[in-house]
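What follows is a set of structures for review.
Each of the next two complexes has chain A plus one other chain: chain B in the first, chain C in the second.
Entry: the complex of A and B
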């Protein structure tokens, strides 16, 4: 047994085995993705940047029910509303979505009775300033202003 | 006058070629190791990242030059220059092509009759640059790194020197050109009769240039960066260039002494078809092969422990080299009698 070990050490058997492993992986295809150039496939149910839907008149679909804010596990949604004295309905006055805290669980989307808040498949949401992550209603409707990567 | 002009032109060409080679060796390293780790390596700067070394070099040159306040300023400035100078000086004696090469001007700057001895001597002066740099930084990691480096270089130089004695005995000369000519005359490259010396030389060469798996002097995980931790900008670039130039030197010596330098493989079979290829192309191919093996080894093996390193050097390689030397000399003596 010891003789066998010695022979394999002298002939670098283990070392050659290791070298062959690395050589094989060198001639195989790379598994990495060249990110800004190529992107991996995003599935339909991906939970990305939130958007607020509008109706055909361009008005928000939100009925200020406050369910999204109540359901949010991190409390990143603030809904402010007041009652319209004529129709006796709650009208949205302010809607704030704090992207810094959002964990993209999708509970707001699930609970929304009018399908107003939705999570899109966009995932490139980096900004230079922290205050740019706090989105108001108009920003949520047309989507965040994005910083485009320039080569 | 013409002689001087030829030499100057040769120096300029070789210096430019080696500098570019060193720069692109870093690119090759990143690419080869990247592919071995199933990724692509540099891809963004130029086509397939081909301009990456130039961008890196430019960055190093325009970086701020920091000299630590507690350092020995003169030595701190001098050390990388010593390292760099001796790494590049060696190329004077390396035959890139035969005496008829480079279109009749001779494929080397000078052919000294003690060429190999000179190369080994000059290469070991580079150690001074390393220990001075580590000491002058006046910081603990560089000092530890330089101590390790010097211990390693000194112990592996012995085995390395004894290993190249074998081919010298076979060739009967210390001149690099004569060694290659002896291989041509013998009809077989020296790595066949001197396979033990060849393996010892290559292992020692890896250790000499502080490459993985013997990269203890610059073990990132233990010593930050080794002897050049405190260096930045252009001075760091000098160390970096010296290290990679040393890699090319060791590969070039291996190619010359063991793989027949500028000679063509199987001249009796391939001779009629490939004789139009100049000798320096064969030489470059051989050097490239060694460099590739260097990178391949780095991508494969983990680092040795320091006591293992010393044990390999003194207990295995040195006795083997001495035994190889004795056996070779006895065989030569027997054949002569």
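Entry: the complex of A and C
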């Protein structure tokens, strides 16, 4: 046994074994991707950029129930509403989503009774200014304004 | 003039070496091999460690206090961010504690899927540990190979839970939604490639002479010391103590699965490396048993929307990838917990650093921090 160990040490068996793994992976397929050109598959359940859904008339689906704001661990959602004197229903006046604080936990999406707020599969959310992360209702409906990087 | 003569008489170099004083060296908090923001204050004699002290708290966020201000459900995403490389395990520990407190019975199907996801998290955590540990010691190649496999696991997490790292995977009572189509296939595909990949790491490291020189007899800790300090997880099992909460106090459905507890002999860095590699294989074994036996049924139990657990206190712990992760929750009967105490494995494992490092070289400190597998997000909370 000792002899065997000595021979393998002199013949660099351990290093050759390791190098064989390296050389094998050199001729195998690449596992990396060239990011802006190639994009990996994003699964349906991915929790990315928030979006507010609209109905067929282009009006917001939000019923101002305030459940999303109450179920947010960090309190990044603000819902402001007024009671309509004619229909006696709550009408949304302002909806603010602070993306800087968002944990992307998905509780707001889960609790929403009308499937209005949704976390989409968009994941490119970088901005140049902090104030651009505080989204108002109209920004949430059409999506964040994306800044294209220019050379 | 007389003094100059005296110096010339003695061997100057020898005297100079002997006169070297002890040197205090600050390692971190920005040191890359401290895996976060750990500051280690080393007292060195030449290049050997004489004394050592850890300074923690750079990453303190007050998670325990925050969870007192939130309802039971809403604190769960914060628990993902304790040990962020095995977020699923952290979430499971918290959710299970609340379920124990409120007396919620979880359906079998949810339990099986929980087991699969937490075991995947264990493999992912061990892969990241191996990658960074090998990188610290100087084996650069392993790093990218491990990340290649970890990517597969993260894809499965994304498919099931919707996020790759901070998964927020479980809810009180079960799962947020049923597993999607293609989940079983993805897990089985991963289980198929894993043993081959582990043998690749073994080919690169296990017999490698540099790896052996850097890990054998480095950071030795006896079983008695390990128990006295409170080591848990692979760090304890590396010393030869057969203690695993999955066997000792089975939670979820772990008593229904067959698996072994790997243990080491010498309690050195090399043994802990072997133990973690074997644990990955055992985790795969559990996953394969669970995925074949997912029972039919509901994925969640009926839980009231506003959860008000009865007055009382409860401690529950699970075997997280790094060791025993426990939660101690006191309820005062309202919607918010009165107190949440987290017993993180990394904090306890870090206490062994001094015992392991004394008498070793500075370069070995890096290897020993790596072998303890600490995450600062959990130490500082």
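Assume the second predicted complex is superposed on the first by the 142 of 151 C-alpha atoms of A that agree within 3 Å, B and C clash if a C-alpha of one lies under 4 Å from a C-alpha of the other, contacts with A are read in each partner's own complex, and residues count from 1 in each chain.
Following the convention adopted for this analysis, a residue touches a chain if its C-beta (ideal position, glycine included) is under 8 Å from a C-beta of that chain, and two chains touch if they have at least 3 such contacts.
Quick caveat, the model's predicted, so the values are computed rather than measured.
Novice: Clash or fit: how do chain B and chain C relate after the overlay on chain A?
Specialist: Chain B/chain C on chain A - fit side by side.
Novice: For A:22 in the superposed arrangement: first (chain B), second (chain C), both or neither?
Specialist: A:22: touches chain B and chain C.
Novice: Considering only the touch criterion stated at the top, classify A:35 as touching first (chain B), second (chain C), both, or neither.
Specialist: neither
Novice: Report for A:128: first if it touches chain B alone, second if chain C alone, otherwise both or neither.
Specialist: Touch partners of A:128: none, neither chain B nor chain C.
Novice: A:46 in the overlay: touching chain B, chain C, both, or neither? Say first, second, both or neither.
Specialist: In the superposition, A:46 contacts chain C only.
Novice: With both structures fitted on chain A, tell me whether chain B or chain C touches more of chain A's residues.
Specialist: Counting contacted residues of chain A, the larger count belongs to C.
Novice: Please give the nearest C-alpha separation between chain B and chain C in the three-chain superposition, to the whole Å.
Specialist: 5
Novice: Go through chain A and flag every residue that touches chain B in one model and chain C in the other.
Specialist: The overlap between the chain B and chain C interfaces on chain A comprises residues 15, 18, 21-22, 25, 31.
Novice: Which residues, counting only chain A, touch chain C once they are in their complex?
Specialist: Going by the criterion above, the answer is residues 9, 13-15, 17-18, 20-22, 25, 31, 42-47, 71-73, 103-107, 110, 119.
Novice: Going by the contact rule at the top, pick out the chain B residues touching chain A in the complex.
Specialist: For this pair, the touching residues of chain B are 32, 34-40, 43-44, 296-297, 299-301.
Novice: Show me the residue ranges of chain A that touch chain B in the complex, using the header's touch definition.
Specialist: These residues of chain A touch chain B: 15, 18-19, 21-23, 25-32, 34, 151.
Novice: Tell me, which parts of chain C touch chain A in their complex?
Specialist: 70, 73-78, 141, 145, 148, 151, 155, 158-163, 166, 168, 176-177, 180, 200, 203-205, 207-209
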